[in-house]
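One chain, chain A, links the two complexes that follow: it is found with chain B in the first and with chain C in the second.
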Partner chain A sequence: MSRHDTALYRKELYTPFNLVAGIILIIGCVITVLRFTKGLGTVTHLDDNYPWGIWIGFDLLAGVALAAGGYVTSSAVYIFGMKRYHSAVRPAILTGFLGYALVVFALNYDVGRPWRLPYPFIMQQGTTSLLFEVAACVALYLTVLFIEFTPAALEWLGLRRARNIVTKLTMLLTIFGVVLSTLHQSSLGALFLLAPSKLHPLWYSGYLPVFFFVSSIIAGLSMVIFESTLSHHYFADKMDKTHLEEKEGVALGFAKAASLVLAGYFAIKLIGIAVDNNWHWLATGYGLWFLAELLGFVALPSLLYAVGVREKNLTLIKWTSGMTVFGIILNRLNICLIAFNWHLPYAEKYFPHWMEIGISVFILTIGVLVFRFIVTRMPVLYEHPDYKDTHH
Partner chain B sequence: MEFYTLQEFMTYTKGITYLLMAAILVGITGFWLFLTDRDEN
Partner chain C sequence: MSISRRKFLGWIGAAGMGTALGTSAKAASNKAFTGYPDSMGVLHDTVLCVGCRTCEAACSKVNELPPPEKPFTDLSVLDTKRRTAVEAYTVVNKYEHAGKQGKPVFVKKQCNHCLEPACASACFVKAFAKSKEGAVTYDPSVCVGCRYCMVACPFNIPSYEYDSAFSPRVVKCTMCHPRILEGKVPGCVEACPKEALTFGKREDLLKIARERIQKYPDRYADHIYGEHEMGGTSWLYLSGTAFGNIGMREDLGVKPAPELTAGALGAVPIVVGLWPVLLTGIYAMSRRKEKIAAEEKEQAVAAAVAEIEAKADKKLADVRAKAEKDLAKAEKDKEAAVKREVQKALGEAAAKHEEKAKTETEEES
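Moving on, here comes the complex of A and B:
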């Protein structure tokens, strides 16, 4: 590398994004050292009332929901045969894989003794526990997503035979992925069935597992549109003709599906209120907050997606996807933190320590950097020239 | 609304839910038509 090349490389490296990401990584590493040397008490505001903070509410519950794009997209393309969305599969699988990998990574910070994470599989007998089911499904689904993603890595490495063997497993892996996702997405909601006296009645419902599963489909569909919007903004030069041509169809198709599922979700949320006769709670402070979530981040996005699809207004669809993603995060935070322990006086409520937020931002930054590393090298946003028209 | 027995509670909430279901069936059908009426064949 000549001196000129080195200078150019350095100039490319010192971008504002890289500098901010670098600072976040350094701070994150310092907090990581504090977490694992001084313990949870030093870096978190967790206590006996709130043993689960934002590392569970945001990193895990919202993370798992937003990583649902993998199973939603692959089942649309491979099971329902909607091949016109094929270009969305690899970015969605990659987002899903990174999402789940970071969920497991974040879990290492949250659990008291992270080296015991494999214990559910080797030490205990409690296979009826919901947490066991979630642990088993997440571990298996992370493996499934890894295998589903390997064709892109194998094409990049030039390992044609291995790539061809893995692509033969596509349908099997897709079906396995849907089964595992149905199980653990709903079980994450079912975890809160254990706390009827702690969770506010408007959020508590016997239908919580159904709510979590249905909203994960919305999260997956919206996340594909949201991620695609960002990818087209930052990695347009990495995309091939097919990807750019299918872009509009993917956004319109996924927005239409999201609009309908949001309408269905709105309906079952109303049924949830009706079967428990919780209408009177709507006229309280928490009720207004519940209505803000239900009307502002479920009913409104459903309508906006529908208008976007009718008018073929991609800008409206993109903004709505961001709004829906925010709504899903808000829903998970409401259930896990805001409407949890609603009887407690305000002074005893949980608010995350700045270092908890720091770790969440640190993990998110790692995700963005790994995503960028992969899409700038591997055939994710384009078809590898040696494998054109060998859709699996 | 006061309830004295589980029977009363279930009758009331099931009644409301069935009415809601009928409204939802009509509402979702209308919404589907709104969503798809500009689709090209």
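Moving on, here comes the complex of A and C:
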């Protein structure tokens, strides 16, 4: 590289985005050191009543739901044969893989002794725990997503034979991915089945596992639209003709599906209230908050998606996808934190320490940076010219 | 190594059977677990408790906990509601005016040692166990520190050492399990000056409690807390007032914690068994649809090609026929022309000959 090139490269590196990201990374590293030398007490507001904070509520529960795009898209294309969404598969798998990798990364901050994370598998298997199921499925699914993503990396590296072997596994991996996702997405909700006395009756339901699974489909569909919008904004030059041509169809198709699943989700949430006869709770303060979530972030986006599809209004669809993603995050925070310990007086409730938020932002930033590193190098938003029409 | 389909299916089957036979899902069966026989427990009679905090001091001493800010003799501590913590495995709380004639009631709080503990059911590394002596024990050597046990505990008992960076533990009352194994009684029970705490076999304690209720119906509420709550606990309570008035939840139900998640856990094998079948079926259907679509497309293309070919053939034939006709006509014309020319030539020749003959005759005459 000549001196001139280096100077140019340097200049390109100092963008406002990179500067902000750099500052976040530095702060994140400082908090990381504090966390692992001084303990959880120094950097979090966790206490004995609130053993789980935003690292579980946001990073784990919401993170896993939002990473559902991988199994949703790959099953739509490979199992249901919707080939016209093929260009959405790789970005969705990548988002899913990074999502899960970061969930596991975040867990290392949250658990007291992260170096023991393999203990449930190698020491004693606590198979009566839903957390064991979650741990096993997340570990396996992270592996599945990794393998599903490797073709892009192998094409980039030019390893044709290895790449062809992996693509032969596509069907098997997709089905395995759906099984694992069904299990752990629902189990994350089922974790709270054990705490009927702590979670507000409007959110507590025997259907929690079903609610979590169905809403993960919504989150997956919406994240594909949301991510595609952002990618198109920042990486349009990386997209090939097929990707650009299919993009609109993906947004319309996924929005239509999301609208329908949201409507179904709304219906089963109502059934949940009816089954436990919880109607009278709706007239309380928590009831209003519950209605805000259910009407504002389930019913409304379902309607907006439907309107967006009918009028082919892509801008509306984009905004609705953001709104839906926010709604899913809100739901997970409600269950894990806000409606949790609802008996406790306000003064004893949990609010995150700024350093907890700092770590969550830090991890999110790492995700965005790795995503950018990969899509600017590997064939994710475009098909590798050597493998055109092989469709994997 | 090559694996035949039969071999593979055999392995899968063996793995499935292994999983199915390996463990029994007690919670899903119709057998109720009512505790280990002859397991021990403690009866806390809140009517007898005077709130002297001697039990707290004894607990602190037995478990070698750091001394608190205010000494155990300072009863002003009772004015604020407390919960169990890292430095206090047990706390006594005061409930003003909850007793007879508006007297305060004191309630000791510690791990209730459930018969089927929520913490043990929640732990993904089996760090908690219900011992046959009655205590719910904790093994810090395997604990990962996920704190799901704390989320699960309906009595808000376990506490966590958040300030330890390298070896944080979950801490809670051990019912002095090591002392029980030595044949001693728990520290708090030994120290209680008012016999508000009674240590014994849970079965015997239930009898004692029932006797007291029967003997002094005006002194006790007709409810032994812990007999059935959350499937039953090894610590039992007597009270002169409704337990709701002295900070103990009456809405916990009688279902042991493992039953709350048994359904969700039971769904796992069904998902694992059904999803691949359904999904492969859907895949097969979409593949078949694609195949049929491709075949239909092929047929349609073939038909179209045939039609076009037929048309082209006909056109070609027409053209050829026309050409042949034209050719024939042309040949005919040519023949006619030749004939005509020949006749013309012959005619001319004849005329010439005639003329010549005429001239010769004229010359002769």
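List of remarks:
Convention: the second predicted complex is superposed on the first by the 391 of 392 C-alpha atoms of A that agree within 3 Å, B and C clash if a C-alpha of one lies under 4 Å from a C-alpha of the other, contacts with A are read in each partner's own complex, and residues count from 1 in each chain.
Throughout what follows, contacts are C-beta pairs under 8 Å (C-beta built on N, C-alpha and C of every residue); 3 or more make two chains touch, one makes a residue touch a chain.
Just so you know, these numbers come straight off a predicted model, no measurement behind them.
By the touch criterion stated above, A:306 is placed in contact with chain B alone, chain C being left untouched. Judged by the touch definition given at the top, the superposed model places A:16 against neither chain B nor chain C. In the superposition on chain A, A:198 makes contact with chain C only, while chain B stays out of contact range.
By the touch criterion defined above, A:385 reaches neither chain B nor chain C.
Chain A is touched at more residues by one of its partners, and among chain B and chain C that partner is C. Of the two partner chains placed by superposition, only chain B is touched by A:264; chain C is not. Judged by the touch definition given at the top, the superposed model places A:78 against chain C, while chain B stays out of reach. Shared-chain residue A:133: touches chain C; no touch with chain B.
In the overlay built on the shared chain, the residue A:276 is in contact with chain B alone; chain C does not reach it. Within the complex, the chain A residues that touch chain B are 256, 259-260, 263-264, 267, 270-271, 274-277, 302, 306, 309-310.
Interface residues of chain B facing chain A in the complex, by the touch rule stated above, are 1, 9, 12-14, 16-17, 20-21, 24, 27-28, 31-32, 34-38. Those residues of chain C that touch chain A in the shared complex are 23, 27, 83-85, 118, 120-127, 142-148, 150-152, 154, 156, 158-169, 249, 251-253, 257-258, 260-261, 263-265, 267-268, 271-272, 275-276, 279-280, 282-283, 286-287, 289-290. Chain A meets chain C in the complex at residues 36-42, 44, 46-49, 51-52, 75, 78-81, 110-114, 116-117, 119-120, 123-133, 135, 171, 174-175, 178-179, 182-183, 186-187, 190-198, 206, 209.
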